[in-house]
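Data first, discussion second: the structure below is written as structure tokens.
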Amino acid sequence: MTSAAVEAVRVHKNFGPLQVLRGVDLRVEPGEVCCIIGPSGSGKSTFLRCINHLERIDAGRLYVDGQPVGYAERGGRLYELTERKVARQRRQVGMVFQRFNLFGHLTALENVMEAPIQVDRKSKETARREACALLEQVGLTNRQNAYPTQLSGGQQQRVAIARALAMQPKLMLFDEPTSALDPELVGEVLDVMRQLARDGMTMVVVTHEMGFAREIADNLVFMDGGAVVESGLPTALLTNPTHPRTQDFLAKVL
Amino acid sequence: MSLQKDSGLTAAAPDGEVIKAVPVRHPGRWVAAVVVLVLAAMLVHSLITNPRFEWPVVGQWFLSDRILSGLVNTLELTAISMVIGIVLGAVLAIMRLSSNPILSGIAWLYIWFFRGVPLFVQLLFWGFISALYPKLSIGVPFGPAFFTFSANDIITAFGAAILGLGLNEAAYMAEIVRAGIQVVDHGQSEAAAALGMSRTLTLRRIVLPQAMRAIVPPTGNQTISMLKTSSLVSVLAFPELLYAAQLIYSDNYKTIPLLITASIWYLIVTSVLTVGQFFLERRFSAGSAR
Amino acid sequence: NPTQVGDAEPPGVLTPLTPDTAAIAQLPAAVVAKKELVVAMDVSSPPNHFSGPDGVSVIGLDPDIAKALGQALGVRVKIVGIGFDSIIPGLAAGKYDLAIAQMSPTVKREKVLDFVDYFSSGTALAVRKGNPLGMRLDTMCGHTIAVLKGSFQESTRVPEYSAACVKAGKKPIQPMVLPDQQATILAGIAGRADGVMQDSPVLEYAQKKSDGQVQVIAVAHTSSVGIGIPKTSGLLQPVRLAMQHLIDSPTYKQILTRWGVANGGVPSAAVNHNSD
Amino acid sequence: MTSAAVEAVRVHKNFGPLQVLRGVDLRVEPGEVCCIIGPSGSGKSTFLRCINHLERIDAGRLYVDGQPVGYAERGGRLYELTERKVARQRRQVGMVFQRFNLFGHLTALENVMEAPIQVDRKSKETARREACALLEQVGLTNRQNAYPTQLSGGQQQRVAIARALAMQPKLMLFDEPTSALDPELVGEVLDVMRQLARDGMTMVVVTHEMGFAREIADNLVFMDGGAVVESGLPTALLTNPTHPRTQDFLAKVL
Amino acid sequence: MSLQKDSGLTAAAPDGEVIKAVPVRHPGRWVAAVVVLVLAAMLVHSLITNPRFEWPVVGQWFLSDRILSGLVNTLELTAISMVIGIVLGAVLAIMRLSSNPILSGIAWLYIWFFRGVPLFVQLLFWGFISALYPKLSIGVPFGPAFFTFSANDIITAFGAAILGLGLNEAAYMAEIVRAGIQVVDHGQSEAAAALGMSRTLTLRRIVLPQAMRAIVPPTGNQTISMLKTSSLVSVLAFPELLYAAQLIYSDNYKTIPLLITASIWYLIVTSVLTVGQFFLERRFSAGSAR
């Protein structure tokens, strides 16, 4: 059996007294597109951040590609990874943040080129070529020399997507990647993601757009109160939710 | 919004295994720690055993009237001139950032001049302003004078010290406050403006509190530095801590123990200020991610 | 609050000086009016002028001379102990009337102030305990000698010795000019300097107080030091007369003896008697 | 004739060489809800920011409540307003920023209370009471003492809405007020806004959610390339766009 | 994405009237400007005409060898000790922010000690270390020594000055750098981490460049301050600019003109540094909203 791309087993995460994740169970197969929906504050972003070890989980087990995230497992014991090894683990995982977090002192193009040059040690020319191609893909060629403060919300979001893709990760974590995009662009981003899916990239996508989820997801997950309530094929889940909380949530979709 | 009430969903299922991991070993750091500790131990050992430090002399002077009154003078000078420096510095920083070229020009000139001229010279200037301007007069510029004072009457040695230290400090504080203000995300003042807050209000309630994280540590520097800088006023024969120690050893030639005495006092005051800085920083880091 | 003369008097009895009517007659009107002379000096150099045990008063040879002059001139004397850098601006500002601070008259300085001789001292060479380098006045060539900034040793004595060295084909003396008295002594003790050249009373006092960590090994030359008087103050003549009056009185000897510098007397209150 | 709540006449705005607004014409009547849709980078946010005088326009005229924004008009000439008068003008206009811009050093509750206390000089108790009520309305009672960095994206967005409403402005500018919200909350925010509309508040809402626009707008405006391309009743515009660019845009809506 | 190509939509319509507004009048500011200008004019006038400034003496010494060599020494001291201070300070700041208690403890101790002890005492310590430890030895702590040197041979006066100034400065710079790093939004390092950048790389490429906006102005302060602080090394008989002037006037008693000479030089160097600071700030403000 090949190991899952992401496997979460009863993952718990607290912020002080606040229990944010209360036993998340999830399995994402390689090459699968998994969409997570759920109400605001249900812990979707926190879960994505845990997958990337930006937050430490408090209990449970979380594996990416069969490896525990942030730890090495030997003889049933967990050993913290050194910072360098954590970085290497993260290298395989791309992330688009909900708040974008573009590097403020770099232009759009430089934002995309930075990691390929510094982490992958690509040459400047190669990095620039690839970055330009990515920016073109998301329709930003004409704003590539603007700094993040000079970009519109949707432009920033597209740079964030391009920046994550530039590292050619095996697994992509998208946190509401189309929240600032107009319907036209949502369609374009969807195209990009379909292409990535065809190329075999695994994706975990938090989204509020049901149409988007329906279009792209292999597996749709509904989270609430820090746990996975229900999951399944998008068409099935969206049309025939079994759990009352899911029914409730979907009933309110416009 | 079911997050707060226990949703019951996870209660039934067995809980996940709590993460108990073996931390990363950092042998290099332990070696560093041991090296530092050994060095510190050697230092302390030699401090205690080296007869040249003459600890009995330190003990004898540590609480003497002369040292203590020097200490009080130092604290007084530092406190007053830092207050002047911070308040005037904040005003200058705001002027400097104003879009009005006149205001920002004046502030620039002030900062340039007072950062440029050595404090020592400024102190002498204020101390002996009467050598340059024996009479100060209020009146029409280049015209008749209405009142005339003797400069020596107005500016005492203490006044000269405070003027010199405070005005000088303001120039440095202005740069620190300016840096702090500039670092605060512009979106913050936009949001305040959109709520109808005036520029002053925005500065006071929104920008400055967030700027404090960048302002407090350098201001701590300046304050601790001022403790020691104020010893320059010895040129005006104002007996602060270091000068008091110097006067004592200039008679009894116990230079090293008296400098140690003064240094211990400075370390004590610095410790108190460092603790104050810690709490200030904590207070102003509310809401920051770390 | 500048340091002033308090009650901290060292042992020794001084006969009060009688007023000198001739000198008083020449006092400028302003001084007569306020009946006070403000005398500036630094406070870093025992036994000449240093801080009394109370930390406020200035005591030493120079304050005693100042007070005696006050008695001769029939005015109060206020002694201000101040950093050296403040003395000249203070005189120019009219904050102080006179400087009695072991100033050696030179041609350059006489352009700024007038000087009336009141004392003379020799130059001493001091070294570390036990004289490990075997220093002598005639073996200073090539060595580092610590001197005080602005002292006669800095401006004249060490350059003279150094010139002699060069003339004899040896290496010149390396002067090490330090900003205060204690730094010169410390440089000697620490071996930063191979020797210290200073006024003999200063080094002798240091030898006593430092338990012999510095050791005076030679005393030579004498030169006079003067009371510094601003050029336009009108005080030159009255001070000269009063000083002569003091020199002629037994009080002068009493003062010198009291501070252990009995052989430092000058025969007359010469004006601008520079040693260049 | 009463004056329009917002009137834009050939408004131009450049950032350096970049012409962002190229003659925007728009009229919003008092009590009207005007939704603006359009592709990313078309100048929607910039236009909202101009209405609040956060950006200065370069040409054209822009009136709020019959007054030129940021200027006084006397004898056909424009006089810049003093800073204090601009602040008073802005006091009447609420704004929810696309990037929220919550005050980082204040908790959610303090964020909402700040302006009523400082600008309107309300007492602390009154301000707190009203703020709590607003936060409850957007479902945030349990997180009211959290700082912005401790809030999820959707929670931040709701605080931003509450903060703007706390000033009880006559005109509200919403820049994608539901971008970070799940469908359930979108419905709730829609309820809030409907209530505001009933109470006679004028609103200009930039949004990418067509369903939302259809539900709430009295007038729907399509912007592209820095100008208004087409406007009209939402049902009409969404179903029968006349301009080819609009047709193109709407064709791609999922 | 039709923004860039001219959409042709607006071309036909007549263009909006360009905004030409009468700016707000600020009579108060003009009054302030006039007052400052008049004061400045009076100051300059009196500077030029007051005979006590003895401008000819200033002119005579301004380019003299002694002043110029003092200036060169000052620049050298300032440059070297600021480099030491900034580099060591950055290292200390990073240590201080490390999650490792040993590293951050060592940095804390360093900062506490070197901010606490007066620079004057530190300089005396390094300069006259042989008064305390005539022999330095390398060997087993508390055990036998392998090599023994005379302290004076290792630490020259210049070395002592650099050590004293540089080590002291590092403690202050550490606080400045720390403040700068803390101010950068945590999201920036998270984004870098998510891209697989190591902590060092993140610091170097992402955090520090943005921290510079908060770091540069206080560092400008420290550099300009160091210009003047370095005159404390006169206690090591090292003739920098101010001390050179002091030596000259202690000989010829032309105190005021020589202090003016030195001050003018300090002002000139400060101007150059201020310009440098301006360009550095501009360089690091790329991408910021103002």
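Letters A, B, C, D and E mark the chains in the order given here, with residues in each chain numbered from 1 onward.
In this text, a residue touches a chain if its C-beta (ideal position, glycine included) is under 8 Å from a C-beta of that chain, and two chains touch if they have at least 3 such contacts.
Treat the numbers as computed from the prediction; the structure is a model and nothing was measured.
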Using the contact definition stated above, find the chains touching both chain B and chain C. E
Along the graph of touching chains, what's the shortest path length in steps from chain A to chain B? 1
Suppose chain centres are the mean of their C-alpha atoms. Which chain sits farthest from chain D? C
In terms of mean CA position, the chain most removed from chain A is C
Separation of the C-alpha centres, chain B versus chain E, in whole Å, is 15
What whole-number Å value describes the gap between the mean CA coordinates of chain A and chain C? 82
Distance between chain A and chain E based on Cα centroids, please, to the nearest Å. 44
Between chain C and chain E, centroid-to-centroid distance (C-alpha), Å: 40
Two or more other chains in contact with one residue: find those residues in chain A. 39, 41, 83, 99, 149
Using the touch rule from the top of the page, what residues of chain B touch 2 or more other chains? 1, 3, 120, 124, 131-132, 185-187, 288-289
Multi-chain contact residues (two or more partners), chain C: 85, 89, 92, 180, 186
Strictly by the criterion at the top, what is the full list of touching chain pairs? A-B, A-D, A-E, B-C, B-D, B-E, C-E, D-E
Chain E to chain C touching residues, read off their complex: 52, 124, 127-131, 134, 150, 152, 157, 234-235, 237, 239, 243, 246-247, 249-256
In the complex, the residues of chain B that touch chain A are 1-3, 7, 9-10, 13-24, 186
Which residues of chain D touch chain B in the complex? 52, 54, 83-84, 87-88, 90-95, 97, 99, 101-107, 114-115, 118-119, 139-140, 142, 147-149, 163-164, 167
If you look only at chain A, which of its residues touch chain D in the complex? 15, 37-41, 44-46, 98-99, 143, 150, 152-155, 158, 175-176, 179-187, 208-212, 215, 249-250, 252-254
In the complex of these two chains, what residues of chain C are touching chain E? 84-85, 88-89, 92, 106, 108-109, 111-113, 146, 149-150, 154-155, 176-180, 183, 186-187, 189-192
